[in-house]
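Two complexes, one shared chain (subunit A), two partners (subunit B, subunit C).
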Partner chain A sequence: MHKSKAKMLQLIVTLSACAFLFVPTILSVMAGVTANYFQGISSGLTLKWVFRVWELYADSIFLSLWLAIACLFCTLLIGLPAAYGLARHPGWLSRILEEFISLPLAVPGLALALALLQLYGSMKGFRASWTFILVGHVLYTLPFMVRSILAVLAAIDLKTLEEGAATLGASPWQRFRDIVVPNAMPGILAGALTVVTLSIGEFNLTWMLHTPYLKTLPVGLADSYASMRLEVASAYTLVFFVLIVPLLMAMQWASARAQRIAQ
Partner chain B sequence: MSNRQFVLACLTPLFIFSLAFLALPLVRLFLASGEGENGWAIYLDILRKPRYLNTLWMTVLVSISVTFTALAISTTAGMFLSRNRFRGRGVLLSIMTLPLAFPGVVIGFLIILLGGRQGLINQITPGHVVFAYSVIGLFLGYLYFSIPRVLLTVMAAAEKLDPPLEEAARTLGASPYRVVIDVILPGLMPSLIAAGAIAFATAMGAFGTAFTLATNIDVLPMVIYTEFTLSANIAMASALSIVLGIVTWALLLIARSLSGTTVAAGG
Partner chain C sequence: MTLRLTNTAKTYPDGTKALMPTDLTVETGEVVSLLGPSGCGKTTLLRIIAGLETPDTGGEIWFDDDNVTAQPVERRNVGMVFQSYALFPNMSVGANVGYGLKMQKLSKPEIDARVTQVLEMCQLEKFSHRSISALSGGQRQRVALARAIAPRPRLLLLDEPLSALDAALRETLRDELAILLRKFQITAIFVTHDQDEAMAIADRVAVMAEGRVVQSGTPEELYRNPTSAFVAGFVGNAMQLHGTHDGMLLKLSGGVLPLGRDGTGQDIFVRAEDVLIDSSGPLKGQVETVTFLGTHYRVGIGGLMPEILISIFPGQSAPRIGETVQVSIKPESLMLLPQTGRGK
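And then the complex of A and B:
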């Protein structure tokens, strides 16, 4: 009797938490497809708000997608060799470097943005271009890429594999291309999905770094929350959900897979 | 090219990038905090001027409440979900991890839909119940942000608990309540401290949610933002950023040393 009572309480807490997390999401989706939210669902369902969002914010959606791809490219270019270097050269120096590049995970985006603005804000050409936002996104997502690859590389016996290849006459570059990259693939995939998901949703840094002509999706969201009617804001949020939820699910699948391999 | 040279070449892009866009900007931020009219005494000003001190207290207070509430809810739900197998469990789990991908701005908006002027609560209850723009809204927004993150940490730790230990306690006559207090909670403790530190640090630094709710409650990130953009008090904005950064960084360091993993802070 006691036990079932405790279980009942647990169930109630779990269901309440679910309701707290899910009800507003549903409200947002519904408001995005309702003709007039204030009158309720009886005013009819419509896609006109979604089209309105497309007219108003298509640019910001494309900018976010473009930034995510560019960010992925940069984090791969910097992160993949770096993860290999850190895996091959473990020691206190590598530890410190890894700790240091992980700072953006802990230090709030606002503080990092202020730091970037004060050092590079006076370089007008750089400050006003999309690459300035890109730097922020790479800064924030790079640790995820490096750690994801590093976790997989640390689990395999890289040294033995490479020595084998070296005996057969493979150059360092050939070994990197033919041994390290294929073995690191699960980590690369998990890292890549994480980078894209985080880049598309990034707001704290981007809000400070963006210019009126360069609005990303989340910056556009903040803009619509402040100045558009509730239906448009909701429809825009709906568009964001459609983009981000499949990415999140793919990311969780890939991360679980990479973690299994790393164990 | 020798092996050693190749490995060093691999680390070079990372080194250059983090020097140019992380190390130097942070040094600049720190120097800027001392360039105000009061010089380095600005850090004392934070503690002396009521506006900043109250902000600091407010931020810590909200963050502590969020941390403990999130821990209570997520531990209960996490233990329940990892100990019971039933139909719909997967759905519940998906619902509770879905918000991981929501940035703070979106969560702010969801809270407005719940407790804003046109919000659900105001519509279904008699009278005028609007809480989104108050400290309650802020609290709920941060809670929304933290529940999924704490839940994942707790569930990962719950998988590693040793069920025979609980059985032994029960055989020895311990009540379910005592089993929770003496066996389950101590087993979960390192993860709970880690998850709590993460929740606290993210609540301290959360900007998006507070920004969307546009509250007139002074929390640290909002004050940094207004000092920088409206008052153009760059030294104070920098000093507060440094303080905030050190606090969140130290907390997450503790969290990581206890649990080995960190869930993406973000937001």
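And then the complex of A and C:
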């Protein structure tokens, strides 16, 4: 009897915690598919708000996806060689560099954006193009890519593996392609998913950097909350979820895998 | 292939002299071991030959008639077995062995045929598709060897190839390695700190200390005719007899030992198997330790000289601790070496 009481208590606490997390989400999603939120669910279910979001904000969705892919490309291009360099030359200088790369994590996105605006704001063409937001996203996501790859590379004896390949006749480039990249792959994958997820969800920095013609997904969300019907804003949340939740799950899976290897 | 090193030295940027100017020649098909304690420069020498370290200016490395001193490691066509094996975890056993062949741009069927052949020689044919992490230590060691010889290198280099294995396995694999190296008929250099390993595998042993080759010769030569106290001590654990010289005699605290020749200015060494417990022996001492080792006893005898003298006793009934024993040492089994002031 005593035991089952304790169990009941546990169950209640768990269920209330779940409710605390899920009810607002469900309500929000429900609002997005309800014909008229103020009349409640009795007014009927509809997808018209979702289509409305599509009509109004399809550009934002594509911009965000495009930015995320471009950001991934840039962080890979900079992050992989950087992590490789840091892993091959451990020492105090590498540690300082690593901290330096990680600095954007500690600085608030708004401050970062302000610095970018102060530095490049006067360059009109650049200021108004999507590449300006891209620069912000790369700055913000690069440390995640570098650290993720570095953790995996630090766990393997890269120097000896490369020497082994070298004695078998592999040139520096072949060693990088055949040994370094495949062995860093779990870190690259985990880093890539993190970068894409962060880039799609980034608001602070992007909000400061965006122009009326360049709204990303989260900026569009804020915009719809501020200026549209509640149903549209809620439908927008739904669209956002559909995009971001699978990415989040994949990211969890990939970083768990990378960590297993790094141990 | 004949390897020739002239005047090869290595000084690290911090000023450490890892290798003094060294000359070394390894004949075609010869298996040479670099033997020495850690920090003696043997691995540095091996890495210089491989091309993984650059020697100081003035040194030259010749593979037959090619001066390879300036060639990077990937162009030297050497096979190397690393202490940690350095197998590629992202490739299967077969892909590891085939990697060097792929780098030589052989055709796919050619690579497959050669990989199969080498795996068979190393008794690994069953493991071709396994991943590296699914192999035991001994299997990994064989894969590392197979990978190194598959591209038919001009020279095979082995850096402490057995040291990562446990003791029981090491002895079996040591003999296996000796057989395989003869089977490949390849010029090989192999680094070890274990004298038994060097003796078992090599045709010729180069003993190194403090960045120099101190003596080089067949295992028998080194064992029987060491030219320095260091070699006598390192190869076969010779003990120095501490006493006062008197021409043809050595006066020890346990008696007077005839040397059979003039020992003035010489340090005198003896090996444990040459110290005989013999009731007619001229020396007298007390048994302090007795260790049973299966085929023989190791008897520690005190009172002969300041240190304990070890004797190998092959008989059935060893003397007991505390017993007084007579000891004889044949003059011809004594090693008289130039005095260095320090012995082992």
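To be clear about the criterion, the second predicted complex is superposed on the first by the 246 of 263 C-alpha atoms of A that agree within 3 Å, B and C clash if a C-alpha of one lies under 4 Å from a C-alpha of the other, contacts with A are read in each partner's own complex, and residues count from 1 in each chain.
Here, contacts are C-beta pairs under 8 Å (C-beta built on N, C-alpha and C of every residue); 3 or more make two chains touch, one makes a residue touch a chain.
Everything numeric in this text was worked out from a predicted model, so none of it was measured.
Considering which of subunit B and subunit C touches more of subunit A, the answer is B. Of the two partner chains placed around the shared chain by superposition, subunit C is the only one that A:Ile156 touches, whereas subunit B remains out of contact. In the superposition on chain A, A:Ala165 contacts subunit C only, with no contact to subunit B.
Legend: residue contacts after superposition of the two complexes on their common chain; A:Gln174 is shown touching subunit C, with no touch to subunit B.
In the superposed model, A:Ala226 makes contact with subunit B only, not with subunit C. Residue contacts after overlaying the shared chain place A:Gly187 against neither subunit B nor subunit C.
When the shared chain is aligned, subunit B comes close enough to touch A:Pro104, but subunit C does not. When the two structures are aligned on the shared chain, A:Ala115 is found in touch with subunit B, with no touch to subunit C. When both complexes are aligned on chain A by C-alpha atoms, subunit A residues 166, 171 touch subunit B in the first and subunit C in the second.
Residues 2-3, 6-7, 9-11, 13-15, 17-18, 20-25, 27-28, 31, 37-38, 77-79, 81-82, 84-86, 88-89, 97, 100-101, 103-112, 114-116, 118-120, 135, 138-139, 142, 144, 146, 166, 171-173, 176, 194, 197-198, 201-204, 207, 218, 221-222, 225-226, 230, 233-234, 237, 240, 244-245, 247-248, 252 of subunit A touch subunit B in their complex. Residues 50-52, 72-80, 82, 84, 86-90, 99-100, 103-104, 147-148, 151, 157 of subunit C are the ones touching subunit A in the complex. Interface of subunit B with subunit A (complex): residues 1-3, 6-11, 13-15, 17-18, 21-26, 28-29, 32, 73-74, 76-77, 79-81, 84, 92, 95-106, 108-114, 118, 120, 140, 143-144, 147-148, 175-176, 201, 204-208, 211-212, 214, 221, 224-225, 228, 234, 237-238, 241-242, 244-245, 248-249, 251-253, 262, 264-267. Those residues of subunit A lying in contact with subunit C across their complex are 156-157, 160-161, 163-171, 174, 178-179, 182-183, 185.
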